[in-house]
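The structure under discussion is supplied below as structure tokens; questions concerning it will follow.
Each chain carries a letter (A, B, C and D) given by its place in the written order, and its residues are counted from 1.
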Amino acid sequence: MGKDKLRIRKIKSVKGKTPSVKTFKVYDPPSTGADPGQFVMVWVPGSGEIPLAISGADENIVDLTIKRRGSTTEDLHDLKVGDKLGIRGPYGNGFSIPERPSLLVAGGYGIAPLRYFHQKYADQVRIHVLAGASTGDELLYVDELEPSAVTTEDGSRGHEGTVLHPFKEIIRDEKIENIYASGPEKMINSVFEICREKGLHLEASLERIMKCGVGICGSCLIDGFRVCQDGPVVDLEQLEEFEEFGVWERSFSGRRQEI
Amino acid sequence: MGKDKLRIRKIKSVKGKTPSVKTFKVYDPPSTGADPGQFVMVWVPGSGEIPLAISGADENIVDLTIKRRGSTTEDLHDLKVGDKLGIRGPYGNGFSIPERPSLLVAGGYGIAPLRYFHQKYADQVRIHVLAGASTGDELLYVDELEPSAVTTEDGSRGHEGTVLHPFKEIIRDEKIENIYASGPEKMINSVFEICREKGLHLEASLERIMKCGVGICGSCLIDGFRVCQDGPVVDLEQLEEFEEFGVWERSFSGRRQEI
Amino acid sequence: MIVMVEDKSLEIELAGLQLANPLILASGIIGTTPGGLARVTREGAGGVTTKSLGPETREGHPAPNVVKVKAGYLNAMGLPNPGVEEFTRELGEVNLGATVFGSIFAHDSGEFRQVARVMQTKADALELNLSCPHAESLGAAIGARPTLVEEIVSAVVRDVDIPVFAKLTPNVSEITEIGKAAESAGADGVVAINTLPGMAIDVETKRPILGNSSGGLSGPAIHPVAVKSVYDLYEALTIPIIGVGGVESGEDLVEIMLAGANAVQIGTAIADRGMSVFQELNSYFSNYLESHQITIPELVGKAHDH
Amino acid sequence: MIVMVEDKSLEIELAGLQLANPLILASGIIGTTPGGLARVTREGAGGVTTKSLGPETREGHPAPNVVKVKAGYLNAMGLPNPGVEEFTRELGEVNLGATVFGSIFAHDSGEFRQVARVMQTKADALELNLSCPHAESLGAAIGARPTLVEEIVSAVVRDVDIPVFAKLTPNVSEITEIGKAAESAGADGVVAINTLPGMAIDVETKRPILGNSSGGLSGPAIHPVAVKSVYDLYEALTIPIIGVGGVESGEDLVEIMLAGANAVQIGTAIADRGMSVFQELNSYFSNYLESHQITIPELVGKAHDH
């Protein structure tokens, strides 16, 4: 059974990070050995089950950084210390271990797996961070990660616009060849185009609807690629081969719809 | 699954030992780690499945010493080198490891597990052997085990009668306190009575019909004792507690019948 | 030495019977002889079920009778039994500390009555095996037909004074239909489930392994099927349910009780976990009740609250 | 890089279809999109079955949709699918190297015909899912009734020009009755088995885990049931049988073929063994045929010789 068996865990702490994001600390030893980029499937009893990136790990405690979006994340946000969650995983692959100066490009709650990356590798290599959000108070982990630049869509903090602007600047000014990106697919797609043009190494974490997490249900496919098992981290070469990436995603029925 | 899964093996060699007994050598690593006294369940495809004591082990080869008695043992005797058998186990417990001079009391093919005992422990302690059979040419492992005495029912070799006669003599003459017995239940019962009287340590290997070998079917019960799992080796104290030992055995239907 | 869990919180009442705890030995497991039943009683079971007894002596199927598969065992014992007369004679000689469920099988309602009458002289309750899937023309053929089940159960119930449980086969498309037939015929409870039909073929010799070719699947493999059967029966019936199928851990036990089982039988688990499984499950269960601050009556069927 | 086992001895003919090897992706596994099917083709499957497609877009059941149990998985996907029109449109855009079995489901024979007509434009064969146990009023309700099966199969067969396979549920007391109904209605083959009904309840929160409460059991747990079903169908039918259920090793594959399967579907094994399971089973199988000096036609059903 191993990591696939559902484990019932109590929430150790809940911290509001932004108006729409909370970080939950949960006792779950199997998750704390995960590679940054891997995710867990989280069952909210009576509500649903969703994939969530591991955003940090410490002793036997794992961090989940969760944006309130729809029914399940709302129910999650209502949970208190001591309430129970089901966890299985960790699933999927992780980012490669950085060996040179690296740049993390994060959009929205996409910063979650990159925060774990930073936590794990910041003492090994120089890590630059760019973080974007819709508004200033939605920016995540700014104090901890000290981004080189932050951006907001409404201009309430940092540059107005997306992370693409500071991204172009930083790769022009600094000697950084390794890019790790996580965020909305449109953002990843733009970062990908630029990396391809400039010949930079890119790894990105993708999202799809994940109903099983173990590679059989087919809900998370991009072409024939199972994001849950073969991903969620992909590199530039893989992105080049995908036909659906950046263009199509799948609804709950499997019907394709434009991104 | 481990030892319970049926393993299909080829017969490596067949040797006629007496007119009614053959020894089969079979490649089966899991059996070779068995303790003397343990047994395996042997499937003869198209014929049946029966319990057989391990009578020797060497590298990856296990010895089975089999008396032709009814349908399955007859089919077994017809098998040739290269023919296939199914083996599962080893099952049950073994004799304790001897720490002092010991005496093996064997009747008929009951010598099988004691021969393995001898093979394994003869260089550690002094082991005396008594062997009985119906006729002289049915005596087993005489050259190898060099019994202190042999007996035959027809008097064609050694003492006429059963091993009980030399048994009484040897325990009178020699300083032996540890007895290991295997053979017909009547023989074991007599040995048991004597050991109890004289205060000797006895371990005996019992037989019952064994349909499962894993302790669930109930075909091998003596009182509430499952010979396949809790035995087949029992000590004097256990024999003292049994009500059915030496009196009742069970037919295939579970009906009790006198021994 | 067996250390008994003596815990009043584990006591249950089941169709008028008092059990020291909800664990019952499943039919066909060790209970071939009264001595076997006595042993399991000493190991801590609250109740014990006999091997299924029929009108006559039966030797059962040719060996192999049991084969291990990935997630359990296949067995094709073929209902070996000494006949109900002989068995009850022996049963009269021992004094068991636990509630005895006398399991019986027969070809038709007349024969069921006959066997039941004999069995009731020595058992505290009857379990009708309507479901053994591998004895040709016995068992499953009966247990899949609601009208036959109804006929047999009413015939037996009319004739005996002890509680009567109908043991159901999962090998039907709607187990609740069979359960309802048993209930309306007056059964005091149902037992679910018996084994699933299964088979193992050896790839080297290219033949079925069991002497009877096919057999009944038990153990962890069937546990989710048992839980679902009990859950569905709990919705459909008002009489008590004894859950059985692949229960080997404390979680499995609680799970099937949450589904609706008032008591739980243990079978195949004894192969892998040994006889101590009764003690271990009872002690897990006792802790569970304590730490969840819940009683057995509150626990049974609780999964239906959601 | 995928190294293909190219071995002529693995080629089979199945109801007039040519397959490079007898391994077929089971319905509902990855085959939700044409891209998924193409991937499995590249991994070495001789055939691929689509997710079951219905007349309309369906989102399926609420999550959790999948839960691991001791000997396999329970799933309650709830037949999510984009609708047969949309799916075949997409399917037309790709070129798959393997034989495509288009799986379909519907409420009644009229709707089955309708979906079949659309599916046949892009598939090499049809698989009628008569057996999904967890979509209320769909599936199992149909597959347990011989008359309904007969009606649906004849309606579809009359209407389409490609081979039609009926996928059977094991959740009946006599699977051969359903198989015979399909055969006599003109099915070109049967597929056995679909999942068994099952359930998992969490003991901490005391609730069923699946969003749909119960689901279908697949994986090693059901393998002996699949083998027995195929074995029985082989005795009862003359049309080809596709075996499915818990096949994860080369032995499992050969075993179910010995029971009588002409081809074998792989489903849940992909979770634990990964996509390489197709290559690994083919290479085991190829060695097996060689070392046992036997051809596939000789092997299929050979367990019945004894």
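Note that a contact is a pair of C-beta atoms (placed from the backbone, for glycine too) under 8 Å apart; a residue touches a chain by one contact, two chains touch by 3 or more.
What you are looking at is a predicted structure, and each value in this text was computed from that prediction instead of being measured.
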Touching chain B and also chain D, the following chains: C
Shared interface partners, meaning chains that touch chain A and chain C: D
From chain D, the most remote chain by mean C-alpha position: B
Chain centre separation (chain C, chain D; CA means) in Å: 33
Euclidean distance of C-alpha centroids - chain B vs chain C, Å: 35
Interchain centroid distance [CA atoms averaged], chain A/chain B, Å: 65
Chain C residues counted as touching two or more neighbouring chains: 70, 202, 207, 306
Of all residues in chain B, the ones touching two or more other chains: 46
Topology of the chain contact graph, where touching chains are joined (line, ring, star, complete, other): line
Chain-chain contacts as defined at top: A-D, B-C, C-D
Residues of chain C defined as touching chain D within the complex: 69-72, 74, 140, 144, 169, 171-174, 196-203, 206-208, 213-214, 217, 220-225, 227-228, 231, 246, 251, 254-255, 258-259, 288, 299, 302-303, 305-306
Interfacial residue positions of chain A with respect to chain D in the complex: 1, 4-6, 8, 41, 43, 45-46, 48-50, 72, 84, 86, 88, 211-219, 221-226, 229, 243-244, 250-256
Residues of chain C touching chain B in the complex: 28-33, 35-40, 42, 51, 57-60, 62-68, 70, 73, 75, 77, 80-83, 86-87, 90, 202, 204-205, 207, 209, 211, 267-268, 270-271, 274-275
